[in-house]
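Shared chain: chain A. Partners: chain B in the first complex, chain C in the second.
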Partner chain A sequence: MKSEYVIRTRGLTRYFGARPAVYELDLEVPRGGVFAFLGRNGSGKSTVIRMLLGLLQPTRGAGEILGCDIRAPTPEIRGRIGYLTEEHQLYRWMSVQECERFQSRFYPRWNERIFRGVIDHFGLKAGARVKNLSRGERAGLCLGLTLAPDPELLILDDPALGLDPVARRSLVESMIQLTRQSDRTIFFSTHQLDDMERVADYVAVLDQGVLRACCPLDSFRENVRQVQLRFSGTPPKLPKIPGLLQAVRTDRAIRIICVHYDETVDGVLQSLNPTELEISEIRLEDALISYLGRHGEKSFILPETVQP
Partner chain B sequence: MRTLIQKELRENLKLALPGLLIFALVLLRLFQNSETQPLLSVSVLRPIEFFCFVLGLGLGWFQIHNERHRDLWAFLVHRPLTRTQICAAKLTAGLSLYTLAVGLPLSGLVIASRIPGEFASPFEWEMALPVAADFLFGIVWYFAGMLTGLRRARWYASRGLPLLAALLASILGPIQPSWLPGFWQQFLVLTVGGIILAVAAWGAFQGDGSHRSQPLCSRGATTVALAMGVILISLVFQGLLEVLLRGNQAESSRFEVSRDGTVYEIIERAGKAAEIIDFAGQPLKEPVTGRKLNLASFDKLVADSYAINVDFGDRSRLRNLLQPSSRFYCLWQNVDRINWYWSREGRLVGYDTVTKLPVSSIVPVGFPAIEARFLRPQTEIETDADDELTDRGAPSTDTLATRQAIYEVNVATRDARRLFKTAPDDRIGGARSIGNGATVVVTRCFIEMIGADGTVDWQLPHAVASPRPFWVKVSRLDSTNQFAVWVGDYHPINRRNAVGARRYSAISFVSSESGVKKQVKLQPSGLKNRQALQAWSYRLSSVIMPPLPVVYQLLGWESVPWNLLRISFAVAVVCAVIGWRIGKHYHYESGTQIGWFVFHLMFAFPGLIAFLCVQEWPARESCPNCKKLRVVVRAKCEHCDAEFAPPRRNGTEVFEPLATG
Partner chain C sequence: MNLNITITTGSTTPIYKQITEQVRHAAATGRLTVADQLPSVRALAEELVLNPNTVARAYADLAREGLIESRPGRGVFVIQKRKVFRREEGRRRLEPLIDTLIGEAMAMDFTPDQLLEAFENKLSEWKYEEWSSSKR
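Our next item is the complex of A and B:
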């Protein structure tokens, strides 16, 4: 019987030297659907992915992927997982056709049609050498090689890195098509928030190795709110606000983005005696940027920004 | 797996193919230039070793280096195969390419060397064994290259240690064949070294170069491999330190006898003129000027001497195997364009130097089996061990010995006439012609000189106490018609040392008229620093390489004083305690602690360094419960059993259940 979750981790931790790159990660990825794994550069996304695939041993903690211990995934399990690496590395001396021949011999369920479809979409010639391909073309070839084995779980580590908008759109469409066909699961890390919004069902956010959010995408959007406070004079100093992501101060107003806007937060804001308090929804992309970039970006651009 | 093998073959052919071509051309050139049997020629074997080293190391290294990029490595290993299968595919392809690039030309060389008429010397298939050892030597370097490529360590730290481990195996094996002269010994060393490095490389492949995630056996192999590398560094360090400490104090002493029968001690000190003194300690002076005689002038006074290596061949088999064996053949005489070789079957074989074909052979026929083999002709063992391999020196003798008789060999008539026979219960350990038709024979009971007619001119009784080989030297004292007979212990470590450094413990003066005239014990008197230097050397060995004096003692090479063995043991215990303390600091499990403790007792200082090299020290952080430092690799605190604190919340967390199904 298949488990409800394709990936489960408990207290997964990885140190590089004395620095925890991933700390006590408890993550569950449900079967089926697209799971977006977000975080800034160096937040530990690739480390998590590499640990899930058995390419990196965790310092402590445990995890399962397709029901198998991540410390020692079996060949059978690896055959059911497609993995697209971040930099789309392949053997430079191989041609597209040789890459296909090489990869297809390991996978009995190799789907020639899928491979051809992807290759044609990216306009790759069979005889072209990998070393002569552009980054986007190489990404396309990697995608074809990852999709054609018809994997049950697809793990993509920033698949859109270096792709032009057209190629990115193709990638997204491929992902949508793939998940809609069966109960396949796609777990992908990305920086492309608009692409993510288009395809993801779930989102998890990793911040400096710590998981800060893991929820359906809609829930995430609903949980992040923007509040505009207007004052007759100079805005007062902000007290401590739970869930505050960002606060931008102007001459007569403060704009706040926070999560979990509830009565407590409302009470704190009302105590500032604003002349006007306006709560509005925020675009997902803006919400995520606020969430991911709450450690000082805005203050770098706008000196008057108040940080939580 | 076949696909992976094909890929590896294709990928690394760019190294193997040019290697094959260059190596084949070099071998062809060496073969054409070789005047003696090339399979035994050092000038051929050394380039072979070089190519085996380069190709083995290059292939091993590049097979890993090609996929050094993290994502390409992931592309390689993330497929429905076990790591062992992937590693096996790499090894299969790598070793196949190595065999192609090295084995193919070497096979050609062996076959070409076997063709009659190519070289005027005997051929045996076993002569291909040094070449086979070189082939294996390259495989050791192949695994060393692979392990070096795989290990995640810094170059300035322990990354290069596997290469030193391979170097150590190579030095014990083909590079310095005098240390382990038998092929089986070299084979054993290379096989053991190769297996250790292969298991370590396999383990590093399993764990992506990390030590902690490897199987236990490969972790052990990696540690031993690194310890081998550290041992080599320690030996070099010890050597340098000894040289540094010795400075100008190095000195040596030997005895010589002049033609008038006076024994002198020659003391040579670094940076000083040789001191020549008599038994009374008085320096030898020039009669005219009264100045001290220099060494060059003294050499003109020294009597002609002939050394004989006496070996009755009755040591234990193991000890015997550690002695230099008479390999294959040696050139005995060149008469009428025919090279006469002594072959190890105990016969003389003649080769025409023009046609390069065998012409005849001489054996002591018609005698009991024990007499049917000539003993190896006595020649001065060269200081250069390489010459031992080919034995090109031609002794100027016309007598040869068997175990119980001396034969006069006439290569013109191609027959052997018996001159002398020992008593039935006696055996010959060595014999040598000393000119004028005389031959000195050393048996179990006597050292005697045989005249051209087979009669005994003089006889010196002696008793062979030890089964070990020893040296006898006979000096002709022309002015007194006497002979000085020197007897010295055979020293296994110095078995190929320079003639001048050979030490004799007693000298007897004999003549045909009056028999033994006197016997003198030889004790070096002029050495002041020798014992102190030896003590220094032992102390350094005891501290830097504690297992070494113990090994010397066990093998019987040196009689190491007990107090130095105690120092060795104390150093090993100190290392073991340091290792134990470190292990305790990082809370190793008891089994691991005991394992390392035993390892440190065995390998001591080099073992401790290897231990420090392989460990991946876990970070330590303060436990929120007991506030003590705890290692991060354990799920629970080793002090208070508390779990790690969950990540601190900052109020921005968004967690909601994810719908399944």
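Our next item is the complex of A and C:
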């Protein structure tokens, strides 16, 4: 029976020298759907991806990918995973067609129709040389090479990096095309929140090697709330508020951003006797920035099952 | 039939809500009428470049409200709009919207009479009989 999760890690940790690049990661990626992996530069996203693929050994902790131990993925498992790196590594002297012929030899399940579909979508000619391609075209070629083996799990490491808006849109469209098969999973890291908002079902946020959130995208957004408190005089000192991410004080008001706004938080805020208390929704980008910024206390939105 | 839904990313309104709001608006203004067919989840998702699950969620919400109905094998259709909220609940949701309207109008130096007039003019453009058929 196929597992419910295509990726699952427990306490996955990797040190580089004395510095933990990834610390105690409990990550669960459900089968089917699109999973976005967010975090600042250097937060450890690529390190996680490389460990998942068996390209880097963890210092400690465990993980499974398609039911196989990440420390020793079998060639059969590797064949079911598509991996697109940030660098778009290709042989510069090859033509698009030669790249395909070369790559297809490694995969028993090569689907030429998928390859043609993707490169047409990116407007690539079969005879074009890699060295003459733009960055967006190289990305399209790499995506075609990655998708043609019809992978069960697609892992994309910052696929939108350096792409112009047209190439980025082609990339997003290709990802949506892929969801036609409901058992396919896409796991991708990105900084492009607009694209992410269009395609992601789930989101995980990594901050300095630590997982800060892992949930459906809608829950992430619904969990983060902005509250505006107005006062007739100088605002009082803020007491301890569970889940506070950010607080900004002005002459007559305090604006806070917090996770898990509930009766407890409401009670605390009401006890400050504001003349007005207004709760509003927040843009995804603001939610993420307040999450990764250095204000307020750190909080967690994690599924129940992985809460410590 | 062209729905003309436009999606804004980076908004405070989640994408599925942008879809439900625009379909509701189209139904309320008569651009969509009973028995009109909507695009399939997959077709709308590809047209708007969205995850199909987002469109599915919007359609599910609209179906729950009784605005649309999915007929297996045939498609998604607009059906008679039924009562959505209890009267008090509806009023609770309506009030903040009216506050916003009045606040904005005051900031633009409209007098109450001018605001009323503008409001009545706009109201007459909407097909009131159609949405009043659900007597509350």
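Before moving on, here are some points about what is shown:
Note that in this section the second predicted complex is superposed on the first by the 292 of 308 C-alpha atoms of A that agree within 3 Å, B and C clash if a C-alpha of one lies under 4 Å from a C-alpha of the other, contacts with A are read in each partner's own complex, and residues count from 1 in each chain.
The working rule: contacts are C-beta pairs under 8 Å (C-beta built on N, C-alpha and C of every residue); 3 or more make two chains touch, one makes a residue touch a chain.
Computed from a predicted model, the values in this text were never measured in an experiment.
When the shared chain is aligned, no partner comes close enough to touch A:250: not chain B, not chain C.
Once the two complexes are overlaid on the shared chain, A:285 sits against chain C while remaining clear of chain B.
Applying the stated contact rule after C-alpha superposition, one finds that A:83 touches chain B and leaves chain C untouched. The wider contact with chain A, measured as residues touched, comes from B rather than the other of chain B and chain C.
With both structures placed on the common chain, the touch criterion links A:194 to chain C but leaves chain B unconnected. Of the two partner chains placed by the overlay, neither chain B nor chain C lies in contact with A:271. In the superposition on chain A, A:105 contacts chain B only, with no contact to chain C.
Once chain A of one complex is fitted onto chain A of the other, the partner contacts of A:172 are limited to chain C, with no touch recorded for chain B.
By the touch criterion defined above, A:221 lies against chain C but remains apart from chain B after alignment on the C-alpha atoms of chain A.
Counting contacts by the rule stated earlier, no residue of chain A appears in both its interface with chain B and its interface with chain C.
Interface of chain A with chain C (complex): residues 33-34, 169, 172-173, 176-177, 179-180, 193-195, 197-201, 218, 221, 280-285. Chain B contributes residues 2-3, 7, 10-11, 69-75, 77-82, 85, 207-208, 210, 212-213, 618-619, 621, 632-635, 644, 646-647, 650-656, 658-661 to its touches with chain A in the complex. Taken together, the chain C residues at the contact with chain A in this complex read 7, 9-16, 42, 45-46, 49-54, 57.
Residues of chain A that touch chain B in their complex: 4-5, 11, 13, 15, 17-20, 23-24, 28-32, 50, 53, 55-57, 59-61, 75-76, 78-79, 81, 83, 85-91, 93, 102, 105-107, 202, 205, 210-216, 219-220, 223-224, 242-245, 258-260, 291, 294.
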